[in-house]
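Heads up, the next two complexes both have subunit A, just with different partners, subunit B and then subunit C.
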Partner chain A sequence: MTRGHRWMASLSVFGLGLAAMMSSGAGAVAGAGEFTRPPYAGAYEPQGVDERGLWMQLDEYERRFRDSPAILRDETLTAYVHGILCRTVGADRCGAMRTYIVRDESFNASMAPNGLMVVHTGLLARVHSEAELAAVLGHEFAHFERRHSLGRFRKGRSTADALAWISLAGAVSRTSFASTGNSLIIGFVSYGRDQESEADALSAQLVRASPYRLRASGIWKRLVDEQDALRKERGLRKIKHLTPGLLDSHPPEMQRFAFFAKQEGEAGDVGEDRRDPYKEATAPYLRDLFDPLIKGNDFAGADYVIRSRGDALGWDAQLYFLRGELYRLRGNPRDLATARGFFQQAVVQPLAPPETWRGLGLCAMRLGDRTDGQASLAEYLKRSPNAGDAAAIRLLVEN
Partner chain B sequence: MKRNLTIAILLAWTGLTGPMAFAQERGAVRPNFSAEALKGQKILLFRPTIQVGEQGTGGTPESNADWTAKARDLFVTELRRRQSDFANEIVEEPDLVGAAADSVAAHRALFSAVANSVMVYQFFPGNRLPTRKNKPFEWTLGKETKQIAELTGARYGLFITTEDQYGSLGRKMFQFLAAGLVGVGVQSGVHLGYAGLVDLETGDLVWLNADGQMGGDVRDALGMQKRVGQLLEDFPGLKPGVQVAAAP
Partner chain C sequence: MVRAGLYTALLGLFSLAMATPAPAGWKLLAAKQPVQVGTMVVTPTADWNQAGARPGKQGVAWTQDGFGLNGLEFFAAVPSGLPLYRERSAKQNPMPRFDSTMLLPDLTDFFERSFRVQNNLTDFAVESSEPASFGGHAGVVVRYRYSLPNDELKRRGVARLAVVGKQLFVGNFYGPELHYFPTGLPQAEAIMESARF
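== the complex of A and B ==
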């Protein structure tokens, strides 16, 4: 098996609450410094044994990955997301990138050293404007431009080599070098975290130089709120997100929030947000973007994400329908009553999906309102006569 | 006690309890499948998975693009050279797009999963799942492989995987010192490979050969002859009397 994905740098490890929540001193977010971009010099070819080996692995990985059923294959949406990358980093530099949208409920995107960029549907569900997405894509592009995977590979190798030698020395001298070993491992992890901070810093520069307004802090704030909502539901203690844990792969959300908030203050209100174009472009795909979330097991998180999009960009039939489905699928009697309310709000809006009437009917029947339920189900069958579940629904209508 | 602990740490850190307990058995042919069934049938060779590189001192695999490209060329050349050994025509996987590409990609992934299950749960008798105990070699990818048969006109599909990491100088020194100083066996180098044949009409896996310790340096022609010979050991489609593992 190709072990390509191991070398993909990603945006976040959302929800990976590692136990080791020890402070490692001041954050290194601003430590990346100014980075002067070299002029664009055409297609980049990997240099040297390590980098060529890495690219070869990823090229081989991509040959298989591009035909994976996990990819949401839609030319319009993919071209739209790729276009935002191009506006952010410049048309010349984005030319070599390949953008793939993958069905995955998590808030993430990743970049391979050879320019393969993966954007999760869960990310598109959570951002509210082109400007916000630009900051994320800029971060991923920064990983590529700064050749972070190669650095991480080399750091990993030298760490493993040093570990091997000191553990051998420990075995020979009958001394435990475990603490030295631990610091090596922690050093490797914090190296990766510094790369993430550098990518954030470069992303801020890229967006400020692009037609977009720098608006990234909101994403991180909402991510914390989402996590809080989920932890509250589960009766867990809130995480502070202020200082990184020793083994955290990324800077904590609040640190990233603070970094971008400061940058946004400096940049001011120049540039475009493009919220409405984002809303319009993603509206036809809401089912694809939210389905993995709705079918996941994080009820409060999914509900938060749907609400935050609705509150920011406005509620339409699709969003009401999706929220109704979230409640209907959990299926407690009280959920059915709530779901019915959302479906009722959906059907009065233009362009409600046919499944809204199915949800409305099923909830009504289960709540004991047979006449109403059968009427809604009949409406569903009228609107979607060839649905996969038409035969089963017909049984309910006729009996 | 302390020494044992440090050795345990050494093993854990360097990840070297050896490659996963590989197969006591190395190959199997589906019952009531015979070379007869292969006669005159076209075999589709899926793009082989070939990876060649070095193993760092601490065990990090380091892919080498040149070695891999060379091994890929040598492999194809060697297979062509052996074409006359087979009673079959071997065709290479065409470059597909759209639904056909999806189907091929899905089945390639499925084959990897099934082949891994065979290696872990069938070839190693002590590790057999209750549902696989005392069962004949009957594994399948399902009937959907028929699409590939129709697409390519091939009746059988051949999958080949090899992975080589040659021990770096540092690794060899580490191996030598670990053995000499504390008596710990550290493996230098990884050389594993497997090959499988699938009946595309039925989806059945008819032959699988796996080896965690393969011979032959895949970076030169002679070594590749030996490697391919080992990969195709017991291949049911070989003409009778052909000695495959003849090269040194």
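== the complex of A and C ==
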């Protein structure tokens, strides 16, 4: 699925075309060794026709996008994510950014040239610490700093110009220049990949200069494992994660993993992970973060994401409940029994959501255990008497 | 000469074919005429258009102003083990399948997941799900709201589902919250009331 504007830079293979990041008064990045952020020069105005045009387009897009029903409008969570961005890139730079959290199961974040940053709930579900999130947000900010959208736009324009002239020459001389045209297109796509690698490199430097530990390689490794699990479930051919395809918009995951692993080796043990604060901050929103995953149709992928969060941050009632829902919704007889097990593990933990008893009751009833099922459903009605489906559940309890 | 004659004949045939354009399978359903949808009989209260492309093997899709503005779907006798909507790719995008052992709340979940996959939604919320009658049989009515990806328009829908003889029957009406859904809702409810199976 595509989301967002053509000119927004996005993080991963699920993303759209690149957007140029408008940098605000950035200076050159220092070479190897000490990385110091150049001083922030203040409000930046777009310069040149191209840049002004891009900003105008993205401003118009943001004006519409701001009212989108897909945005998760929670001030606490948005402020939390924005705060991580500020701690990564510096409070002076992050003041001009606007952060939006969007309900989407894909692992993606996007940054627009005019300072609009979009973070998908799928991304928040898949990272396990503030440090990991910082690496991702740093990558997006790096696109912004380096004005990648503008560069991409200009490169695309010159590529299209060259293609047009070449096809005209071909028509005049009656020869086919298709292979030249293809090479030009491939060159344009690989330019985008180089931009992504540059953004990765700059994000590593940004995180190393921040209070966070550089912890990004794990994200890419887990993404590879998730995709492999999904493809194994569906019986699809495994994709190679090491070499980029000709038309891939991003470098492959294992290449990014290798790059970050090397950087982390060099960075050593400096900085903090902040896993527990991340766990606590996202705990109240777990249902919102995982809902698109669970209600989508990627069973193996969703199961992997839930399991990896549980293994990394610990299993609590909500996570057991979510895993139970995933299995219950697939609904094969063995799944119902498995789901029942997860729900039973959830109810003994503190702060189990009321819907846990709903899930437990429905599984029990479909497995043929009426008394148990009705008891659980009655408990659900007691805890959540004004639920949207209370009437339907009451019918099951009373018959 | 023979070649010229053949050419003229082909031209004549071609122009004849172009004179009556084929409207890609659309059918006009006149008001108050009962329509047979599989084993279900539905009577529209006004003129509706039936699309040539079916949303699923056992379903039909009707619209008055275009599917972006109002859509009315009926599915008759979906058997156990089959999806509601047509599965476009079993490997890349599998559809959830109906199971005759599903209870009423499971039907709500099944409809939610089917509608989500069919329309590629990430923003979908069930507002309420209550027991109701559909075609004279006990079933469930699901009221929901959603929005399409990259679209800021809020949309709403109401679906009625019932299981009769281990087969699923569904009636679903959806449209934008702005004018089309509230205005079209009474008529859609009346048409769904008229369904018999």
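Rule of thumb we're sticking to: the second predicted complex is superposed on the first by the 370 of 399 C-alpha atoms of A that agree within 3 Å, B and C clash if a C-alpha of one lies under 4 Å from a C-alpha of the other, contacts with A are read in each partner's own complex, and residues count from 1 in each chain.
Convention: a contact is a pair of C-beta atoms (placed from the backbone, for glycine too) under 8 Å apart; a residue touches a chain by one contact, two chains touch by 3 or more.
A quick note: this is a predicted structure, and the numbers were derived from the prediction, not measured.
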*Report for A:176: first if it touches subunit B alone, second if subunit C alone, otherwise both or neither.*
first
*asked:* Is A:159 touching anything from subunit B or subunit C once the two structures are fitted on A? First, second, both or neither.
replied: first
*Touch check for A:68: first (subunit B), second (subunit C), both, or neither?*
both
*Touching A:49, do we find subunit B (first), subunit C (second), both, or neither?*
first
*Looking at the overlay, what does A:395 touch: subunit B (first), subunit C (second), both, or neither?*
second
*Return the residues of subunit A at which the contacts from subunit B and from subunit C coincide.*
1-3, 64, 67-69
_Residue ranges of subunit A touching subunit B (in the complex, touch as defined)_ = 1-3, 46, 49-50, 52-57, 60, 63-64, 67-69, 156-157, 159-165, 167-168, 170-172, 174-176, 178, 181
*In the complex formed with subunit A, which residues of subunit B make contact?*
2-3, 5-7, 9-10, 13-14, 47, 49, 51, 53, 56-66, 68-69, 101-102, 104-106, 108-109, 112, 170, 174, 177-178, 181-182, 184
*In their shared complex, at which residues does subunit C touch subunit A?*
91-96, 99, 101-106, 108-109, 112-113, 116-117, 120, 122-124, 126-131, 140, 147, 149-152, 154
*Which residues of subunit A touch subunit C in the complex?*
1-4, 64-65, 67-70, 103-105, 234-236, 292, 295-297, 329-331, 358, 362, 365-366, 388-389, 391-393, 395-396
